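These notes open a run of structures that come right after.
The same chain A turns up in both complexes below, where it pairs with chain B and then with chain C.
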Partner chain A sequence: MIKYTLQRILYMFLVFMIITFMSFILIRMLPLPMLPPEDPHNIQVLRRREALGYNEPYLVQFWLFLKNIVTKWDWGLSETRLAYGQDVWQIFVGKLPATMIVNLYSIIWSIPVGVALGVIAALKKNTWVDYFLSTATMVVISVPSFVYAFLVQYIFCFKLHWFPFLMKGGTDYFSWDMFVSVIPPVLSLSFGVIAGFCRTTRAELTEVLTSEFMLLARTKGLTKAQATVRHALRNCFVVIVPGIFGEFIGILGGSLIIEGIFAVPGVGRLTLDAITALDYNIFMLSTCFYTAIGLAASLVVDISYGFIDPRIRMGSKK
Partner chain B sequence: MTDNNDVTYEKIPAEKFAFVQENERLHDKELQTKARSFFADAMLRFRKNKSSVIASYILIFLILYAIFAPMISQYDIKDTDPRYVNYPPFSPAFANAGFLNGARKMDSQNDKAMDIWNGLGVETGMNPVIRTLDTHTTQVKQRGKLVTRTTYDIEVNMYYALGIIYYNFNYEQYEALQKWQNESGIQVIYPYVDAEKTNNSDNPNIWFELDRSGNAKKDKNGDFIPAYSTDAANAGAPYNSIRVKGDDGSLVYSKAKSGSVQCRICYYNYYIYLNGHEPSYLMGTNVMGMDLFCAIGVGARFSLIFAIIVSAINMTIGAIYGSIQGYYGGAIDMTLDRITDVLSGVPFVVVTTLFQLHLSRRVGVVPSFLFAFVLTGWIGMAALTRKQFYRFKSQEFVMAARTLGASDRRLMFKHIFPNAIGTIITSCALIIPGVINSETSMTYLGIVNLSSFAGTTIGTLLSQGNAAATTAPHAMLWPSVFLGLLMICFNLFGNGLRDAFNPTTRGVDD
Partner chain C sequence: MKRTLAFLLALMMVVSVLAGCNPEKEPNETGDNGTEGTNAPGVEDGLPSVKEFDANAKYTYTTSAQTLPSGWNPHTYQTADDAVYFDYTTDSLYTLFFNDEVHPQEGREAFDGYVIVPSMAADYPVDVTESVKKDHPQFNIPESATSGYAWSVKLRDDLKWDDGTPITAQDFVDSLERVLRAELMNYRAADYYSGSYVVANAKNYGLAGFYDYDDNGKGAANDPNGDPAACAVQMSDLVKNEDGQYTYNGNLVFIGTNYSLAWTGGDTLPDLYDVYHDSYGMEMFDKEALDKLMEATDGHGTAVCNDENLELLKKIITYSEDWGETEANIPCYLLIVNHQYDADYSFDNVGLYVSGDNELTFVYPNALDGFYLMTYAMSTSYLVKTDLYDKSLSSSETAAGKVWTSTYGTGMDTSVSYGPYKVSEYQSGKLMHFTKNENWWGWKSDVYTYVDPDTNERYRMYQTTDVDIQSVPEAETRKQMFLSGQLMTYGLQSDDYDQYRSSEYYYTSPAETIFFLLFNGYTSMIEKREAADTFDKTKLDLQVQTLESFRRACAVSIDRDKMAATVSPARTGGYAFIGDTYIYDPETCAFYRDTDQAKMALVDFYSINLADYDNDLDKAVDAITGYDPVTAKAKFEEAYQEALDKGYITDSDNDGKSDQTVTMVYAMSGAVNDFYEKTAKFLNDSLNGAAAGTGFEGKINIDIYSSGDLGNSWSDAIRNGEYDTQLAGWSGAVLDPFSMADTWTDSDRSYWGNWWKAETIDLTIKIDGEDLTMSVRDWALCLNGTMKTVNGKDYNFGYGQTSVENRLTILAEIEKVMLTSYNCVPIMQDGSGFLLSQQVYYIVEDYNPMMGRGGIQYMKYNYSDADWADYVKSQGNTLSY
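Showing the complex of A and B:
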């Protein structure tokens, strides 16, 4: 198992390096942005460009880029009006808490709700409860997130005045005002998570409930509740728990759209701003970040499958 | 299965049992029914699924809307009116009905504002006030005295409420407008107002006399007292057209500006003069002044065509790639799998952005957007095909064909692939909504701007609507409704199709 895990990690790292290399070269091939005239930081930026080997071949540039990251954790300076002359990593880290807080709140309440709804739907299979939940799940999963972000903003913020329109600024992430102001983005993010977990749980549980060991458990004399909790739920968590782990890695990522609508000062918005302003260094960092998160999530899901269910571990590629 | 546990099978009376056959033999009977083809069988199953059938009807309606709405609409996507911006839905036929009347709620209108609204109705004959929703009275202390102030929450017809504006014409335009007025009998130009009588107000909608404090003066009957100008010395050009009631020919209809004349025109009627018809926006207008009814259709056309093209390309690439992977297996499979691993690791936003930055100048915005979709979009299809190939390649019919000397290509595409085609085609119906979703997100975020190519897209409409979501919710609502319905119906339709073609996978993840 440890060998398998290490193999997976190494492989993911390799994939990550390849993607970084490709994006790096594609970004460096773009024409450089114009420096703002007569800005005191210009000399610094030009010197850094010289040091980073902007006139050298791409392979040398990539080597210097990696060396700076490994030795000094230096991701470069912002080269546009966005945050001219500032260290990219500093800006980026400053944006992380807002994203994380929104995603964390959304996951904390929506995973239990989603799983619970899924269990209810599976137990009441082919009743109106199941039909209602399945239909609602289908609708929520189909409709893009900005549609219900708009509904949440219009109904709760504008018509009912329950919450502020945009997320509160500042860094007091655990104050009451902040909590109230993150509710709309949290709600908008939660719909998708709830629906996703509801659907997975229902599908898994209905399959487990009709399997033969459930019949055996009932024959043994367990009540329906006992059999469901001890045998069915455990088996369906084999699929759900890795999903939860994956979701937790995803809290770093955030949603570009939701962050844009509710003015969440997070990494998603930073990425979007960097794209519009053509700030290549921030964009490079965002690219690495999102790639790493995506790979890490799939890695965690893969490995946790093996930890939870020995059958899968045995069948893994050696 | 579990539901049957409570049923007892003891004590079933004997007469309930009957012999299936007593004197005849069961086997060797000719099949009486007609053989059904695979496709007919699938259609039969599909028709049993009520929600999918309904979804497919709605889907057909939405597609017909996308095709025909821009044709039916009086407007083109380029017909934007600079004044009717973010205006609510309106149709002249429903101007007095409870809906489509261009209504917007106006809070806390005081007496002065109410005078302007009512005055507008008196002068142009188009009363903007639809109804009064609420009246508030408050006592305010003013110069030591208690004064009662009344404010009203009203609903106004925004198209009528735009009312009268100042507009500069050159002499020819002024002549032409007068001529049109005489022909059509619709009055556009209204008399100029004497600034002294209206407290030098610059609001063109005030045509009645005001007192010092800005309240309208009323005569004995409670009517407004006109403040029209009779200053013929400053008149811009002679006026020989429709005159307002009570005008003996002395009123002045324009004011001289250098090289042109300035008039008070009723914009609603001026719009008829310009366009030949009354404004009629069934879904209102957005922030660009586009007719949403037309714009949604135009955007949806692009989305649908784009999604179908992308799906077709991805399906082809994915099917070929997956066939090779699945058929050869082993080292080739491993190598190709590593390539998909790398490609699927790249975030879609990054792919789209890089393609836009690199290629949009050279090959255009739409092709570079298409490439971004094609780069990673086929992976799911390849995995699906690969799985199907693994399922079929070791079966006897393949072995038989190989023994007869069929080449690899023939085995792949003549023998194995046709078996997998049902799965592949049905999954295409689920790829299309995914493509539409990503496309809408990217245009919504503004990473890709397709406005110059496609006129507009649903994503662009949504982001424009979102900017004014509080004042003009309809501009966000209609594109949202359209997109939501489209996605739901596509998914329902796709699920139904998949269940119909692969009855074994039914309910696995619906």
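Showing the complex of A and C:
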């Protein structure tokens, strides 16, 4: 298992480097913003571009980029209107908590609700409860999260005045005011996740509940609830747990737009803005972050199989 | 009890006597640097005392921004988003106030213009040209000059940073030194050495160690045919030196590679390659040769002009036939060194120095005075707190060496204010909160006061105590927040106008841009397009649009106000080349469109009979709608006959109707959207409606679907005649409408330069009682300061060279020529509409291009924050507008 894990980490690192290299080259290949003709400021812009090495070969630029990260953990400075002159690492780290808090709340709230609804649907299979939940799940999954964002904002913030329109400013991430203010974005992100877990749990549990070992469990004298919780659900988790990590990555992606709607000062908006403004260094840091999270999540998923289901042993050659 | 009362009474009397005995005032209270008995310059005597706002009440201006400033370093900021910070936290030597009883302007009604008032300056500038010329020869003031080149300004002695430390004259000098310092490569450095309001010798210091070049391609770029022979220097003029580098008259020659060349419209070679490669998939240049030439490029963005690099350049520009250049075009890329800036140039030679106790002297390379001197040339936006600035500087290693960066103005700890407000909270990308900067002198001065035109009471400016800016990217969210009383303004979206246009809280702000409907007159290109295999000449026609009669018919077929309301509700109908926001005399805030000359140009163009309006010019102009369906029908019929006669169209079945549909392909700058569809529909409905009963009935089509997304290249497509029309916007400097005549008549910049040459059209204008004839182009150049000789006599009608009346007459005549050329038809004037919160109101309803409606400086509150919260709650948390 350890050997397998180390091997996977090595592969992960290789994939990470390839993605980083490709992203670096591709973003640098995009044309820089055109300069207005006869603008006297052009001379300063061009001098600065030259000094920043934008006209050097890509490999030379990439080498320096890597060197600065490895030797000084220096991700460079922003050179665009986004955050001119500021250390991109500091900017990124400063914005990460807002994104993480919204996503974590969403996951924490969505998983139990989604699984619970899935269990109810499975246990009430082929009843109106199951039909209702299945239909609602399909509808919810089909609609992108930003649509819910507008609906949530309109209904709960504008019409009912239950929540503020925007996420609260400041860094008191665990204050009550902050908690209340993140409910709308968390809700918006959660609908799809809840529906996803509900559907997966229902499908898995329905199958497991009809298995022979469940019959055996009941025959042994376990109640339906005991059999479901102790045996059926545990089997389902082999599928659900990887889904949790998958959803986490999915939510990070989905929150790019949600962050804009609720003014969440997170890395999602920063990434979008970096692409628009062609801010090389912010874009590279964001890309590396998302790549690392994605790769790490897939590794954790693979390893987690072994803990959830002892029958699964990764890397075993026997 | 009696004893207590008696004691209290006695105590009050003693206090009163003591108070009466104290004649001293705080130095700032009079606004005159502590000189009692006189008002500050620009402030009228004998005014009522200032009525103070409730000191305990809080008045917060809550606003939103799609993008919040992420940095506000005055030396490096590049966007208007960043500049928002400066609105609240900076001051200037001189500022503009509405003219009122406190700051009057002779001969004008209160609040219909503005006056220039000293702010950080203690008084108006003093001309010291003679003495500076004598004592400071390094500024090279011309011997003949007697005024306008050097000005001294005494600063107020109560200027402070927000931390309470004083601002001195030396701070201004040190700040200018930093913005110009060559190694810092500050974006804003160019503000002080390029353009009309530069500081003497600033360029020498700002570009120390760099070359100054003559762009050899300028001649070809300005040549109507783009002929490389028009370049000042040809290859045969060059001489190779012993290093192998070519020279001209002993001056080194370089190739502009990463340089903003006139020949390429300001683009660099790598940028051009990238744009064509990435946007159109075209390989315009030999990439390998370009990479090699870029390797040879230095920090100036140039490569040495030697045989090796010339060969690379030749390979690059002759690589693709689409680029269409030959070896003969090489001179267009050359830069001739005309000057090398001294690497050790001393800042002591730059035209800003401390000349006395808290006194600055500004020296300029040109004579300046009045409005432009005080509001532009004496701009001190470069002012920084230098100790903090220096701490914020750092350098980093790059692939090309080292580059300096400053973190000044990127957060609360790297910012400092010297204006009315200071940042009290900032979260990047989220919010900014400003509170009063108690160390700003203006809070205690009579200078920043005005007399309310409604109540006739005198108030202090800036009733606002706090400013709160939040990032709200989505318009729908902004609207809901506004209706919930959480934002002060809401910029209306297209869908909102129907609902809110009649609201009493609805305001419009006109903008400079006029939108024109363009016509294609490039006959050779039209013929070429019609000759294409894919073009069905039996059904379609492109040539009719070149007929003046057809264009005139189109011009009067469009109800402009209705069109604006339909396709772009924030805008209004446009009737002239110059909109009504342009000021021809900034000293007095006089509008061009209000002049008799400008009015007569419109009356003549729209064939208005003055007698029908009691010879009242204003009435006549007000009556202009530009919409005349009767004339339109007659002109369409005339155009139909003309088109038949010229063989542009046919009528094979003799039904009196054209066999062909007159088509104008709209050059789209984006994908088809609601605006384009509405525009095309309105235009087609209008034109076909007016053409009903004529040979063109149902036969006119503005085609938006054939274009595709041309992006920024739409204008080139129009210029080259590849596409026919656009609703194109055009604007100029709001304080200089005269410069627009230059743009209209410049073949390189106008849309119609390939088929309508202002150089070939004569125009006679009566100047000082004499008829004078020149080409329209020459008139435009002459109006903008170029000397022209007619019949052996020199003429220059530039600023300060002739009477304002003459300049207005010339401009109006040129405008009339442009209107009657029918290269395009003015349709709409740009503008924006917004709702203002019930919590506040403007004391001025009319919009002034320089002052707006006074901004938060003049904004008054109906409710304090606490009262507003109660009011909103009482309305069910949703307000009605």
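The rule we apply is simple: the second predicted complex is superposed on the first by the 275 of 318 C-alpha atoms of A that agree within 3 Å, B and C clash if a C-alpha of one lies under 4 Å from a C-alpha of the other, contacts with A are read in each partner's own complex, and residues count from 1 in each chain.
Here, a contact is a pair of C-beta atoms (placed from the backbone, for glycine too) under 8 Å apart; a residue touches a chain by one contact, two chains touch by 3 or more.
These numbers were taken from a predicted model, which means no experiment stands behind them.
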Could you tell me if A:179 is touching chain B, chain C, both of them or neither one (first, second, both, neither)? neither
Would you sort A:154 into first (chain B), second (chain C), both or neither based on which partner it touches? both
After lining up the shared chain so the two structures overlap, which partner does A:271 touch, if you call chain B first and chain C second: first, second, both or neither? first
Touch check for A:35: first (chain B), second (chain C), both, or neither? second
By the touch definition at the top of the document, which applies to A:218: first (chain B), second (chain C), both, or neither? first
In the superposed arrangement, does A:48 touch chain B (first), chain C (second), both or neither? second
Would you sort A:170 into first (chain B), second (chain C), both or neither based on which partner it touches? second
Give one of first, second, both or neither to describe whether A:89 is in contact with chain B, with chain C, with both, or with none. neither
According to the stated criteria, A:109 is in contact with first (chain B), second (chain C), both, or neither; which is it? neither
Residues of chain A at both interfaces, chain B in one complex, chain C in the other: 29-30, 150, 153-154, 158, 260-261
Can you check the complex and tell me which residues of chain A touch chain C? 29-32, 34-53, 55-57, 60-61, 64, 68, 74, 76-78, 81-86, 91, 94-95, 150, 153-154, 157-158, 161, 165-166, 169-171, 260-261, 263, 265, 269-270, 273
Touching residues of chain C toward chain A in the complex: what are they? 67, 70-71, 73, 76-79, 81-82, 185-191, 193-195, 207, 258-260, 262, 265-268, 270-271, 274-275, 278-279, 291, 294-295, 297-301, 396-403, 405-408, 410, 425, 427-431, 470-474, 476-477, 480-481, 483-484, 486, 712, 877-878
Would you tell me which residues of chain A are touching chain B in their complex? 15-16, 18-19, 22-23, 26-27, 29-30, 134-135, 138-139, 141-144, 146-147, 150-151, 153-154, 158, 199-200, 203, 206-207, 209-210, 214-215, 218, 224, 256-257, 260-261, 271-272, 275-276, 278, 283, 286-287, 290-291, 294-295
If you look only at chain B, which of its residues touch chain A in the complex? 1-2, 5, 51, 341-342, 345-347, 349-350, 353-354, 357-358, 433, 437, 440-441, 444-447, 462, 465-466, 469-470, 473, 476, 480, 483-484, 487-488, 490-492, 495, 507-510
